[in-house]
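Common to both upcoming complexes is chain A, partnered first by chain B, then by chain C.
Now for the complex of A and B:
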């Protein structure tokens, strides 16, 4: 009888330990998934910033940039929305450029730049 | 009584074995998964850092070039070489930036000196760097490290 009670106690203890480990494992798995997501988001932000910088540099160089472009990197689609608003002044043009990059439904990067071009080089 | 005690013991032994096996399996699974995730996160961070710092470095170099400076793209050491020339006290000097043996290098030398890729200063880890002039006002840089690549254009201020 005493042996039976002791065995049962050991079994219960082991089950409790296994349950605790299962809970810990579940927490750790969620943590790993979160770390992986964070790393992927960071990668998307890096790519997004470069894509935004690329669009802004093209605008500054006077190239035509489409209002909406799509690029694919590492299996993800990036939507690059670019906008350039020129404001005429007597001595030149102030060009306000803004670029927003979206990936998987979320904005990953946004850059804005203003550039003043004196009249002689405003063309 | 003895028989019953023995039977209970063997069932309990099997239960204990099962519990321990589950314990070990879950622990192993957690460790393996954790190691995999850690490896991929570190690799991604390293690749991203290498590409980002290399492109930022080259962009900074292009921006800091004096107004009278020249920008050229050459071939040397099996890769594209970005050559930035500037005049200092009446003499021309070239700064060459290139990838050699998995690293981004820079070498500063007087014009006319023989270019030797191994003689440069290592800046960062980088697998490949491709460069291309676009229409005289833009330069396209594409850096690659590990599995990741990033391209950016830089407007030349001249």
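Now for the complex of A and C:
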């Protein structure tokens, strides 16, 4: 009789422990998911900066850059939208370059710069 | 007696669960802190890039203005090198061959410094870029033998 009571107590304890474990695991899972989400955002931002700088420097150097290109990194697709608008001045051209990088529908990096290209004088 | 000693008593599973949950919570918090650190570093890198390109834009606009004025002065001088040199001195307060400097803040503790040399009328280029560099502008003066080594 005493042994039965003891076994029942252990069983009840195990059930309570299992329930608590399940509840705590759900909370912990959310914690790990939040950490993973932040890590993925950070990775996307870092890659976005590199991609934007790369496109911007190529445009500044006078290279042809596609208006929209896609790159894949770590299984994710990055859309790189580049735009260069030349503004004519009497002595040269001011090139307005802008690059926007999007990943999974969200903009992760955007950079823009204005670079001047002088034209030579005849004199 | 020996049979009873080998069995798990009441409370053992609770103790085990507490240990497991503490460890898992610790791991979760550490991974969250690490991810937050990474995110803040990425945000700072993006901010630094934006600041750098904003400073470069400032230089682009400045040199556009300077070059447009030089172009106009060349047209007004009409091939007279002396008149051109005089006009440049009046407009920019510098003589031909001297350097003009542009400086703009590029985020906290950094500045973009650019220098251009005004070329004489005989040259087809109106100016020459001497330098375009990013410099640290922290107010602290580093002295040797204060726990750091000069590498280069």
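What we mean here is this: the second predicted complex is superposed on the first by the 99 of 123 C-alpha atoms of A that agree within 3 Å, B and C clash if a C-alpha of one lies under 4 Å from a C-alpha of the other, contacts with A are read in each partner's own complex, and residues count from 1 in each chain.
As a convention for this text, a contact is a pair of C-beta atoms (placed from the backbone, for glycine too) under 8 Å apart; a residue touches a chain by one contact, two chains touch by 3 or more.
All values derive from a computational prediction rather than experimental measurement.
Of the two partner chains placed by the overlay, neither chain B nor chain C lies in contact with A:81. Legend: residue contacts after superposition of the two complexes on their common chain; A:4 is shown touching chain B, with no touch to chain C.
When the two structures are aligned on the shared chain, A:92 is found in touch with chain C, with no touch to chain B. Within the superposed three-chain model, A:112 lies in touch with chain C and out of touch with chain B [touch as defined at top]. By the touch criterion stated above, A:58 is placed in contact with chain B alone, chain C being left untouched. Contacts of A:36 after superposition on the shared chain: both chain B and chain C are touched.
One of chain B and chain C touches more residues of chain A, and that partner is C. Of the residues of chain A, those at positions 10, 14, 17, 21, 24-25, 28, 32, 35-36, 39, 42-43, 46, 53 touch chain B in one of the two structures and chain C in the other. Across the complex, chain C meets chain A through its residues 8-11, 13-14, 17, 20-21, 24-25, 28-29, 31-32, 34-36, 38-39, 41-43, 45-46, 49-50, 53, 56-57, 60-61, 63-64, 67-68, 70-72, 74, 79, 121-122, 124-127. Residues of chain A touching chain B in their complex: 3-4, 7-8, 10-11, 14-15, 17-18, 21-22, 24-25, 28-29, 32, 35-36, 39-40, 42-43, 46-47, 50, 53-54, 57-58, 60-63, 73-74. Of all residues in chain A, only 6, 9-10, 13-14, 17, 20-21, 24-25, 28, 31-32, 34-39, 41-43, 45-46, 48-49, 52-53, 56, 89-92, 94, 109, 111-116, 118, 120-123 touch chain C in the complex they form.
Taken together, the chain B residues at the contact with chain A in this complex read 5, 8-9, 12, 15-16, 19-20, 22-23, 26-27, 29-30, 33-34, 37-38, 40-41, 44-45, 48, 51-52, 55, 135, 137-138, 147-156.
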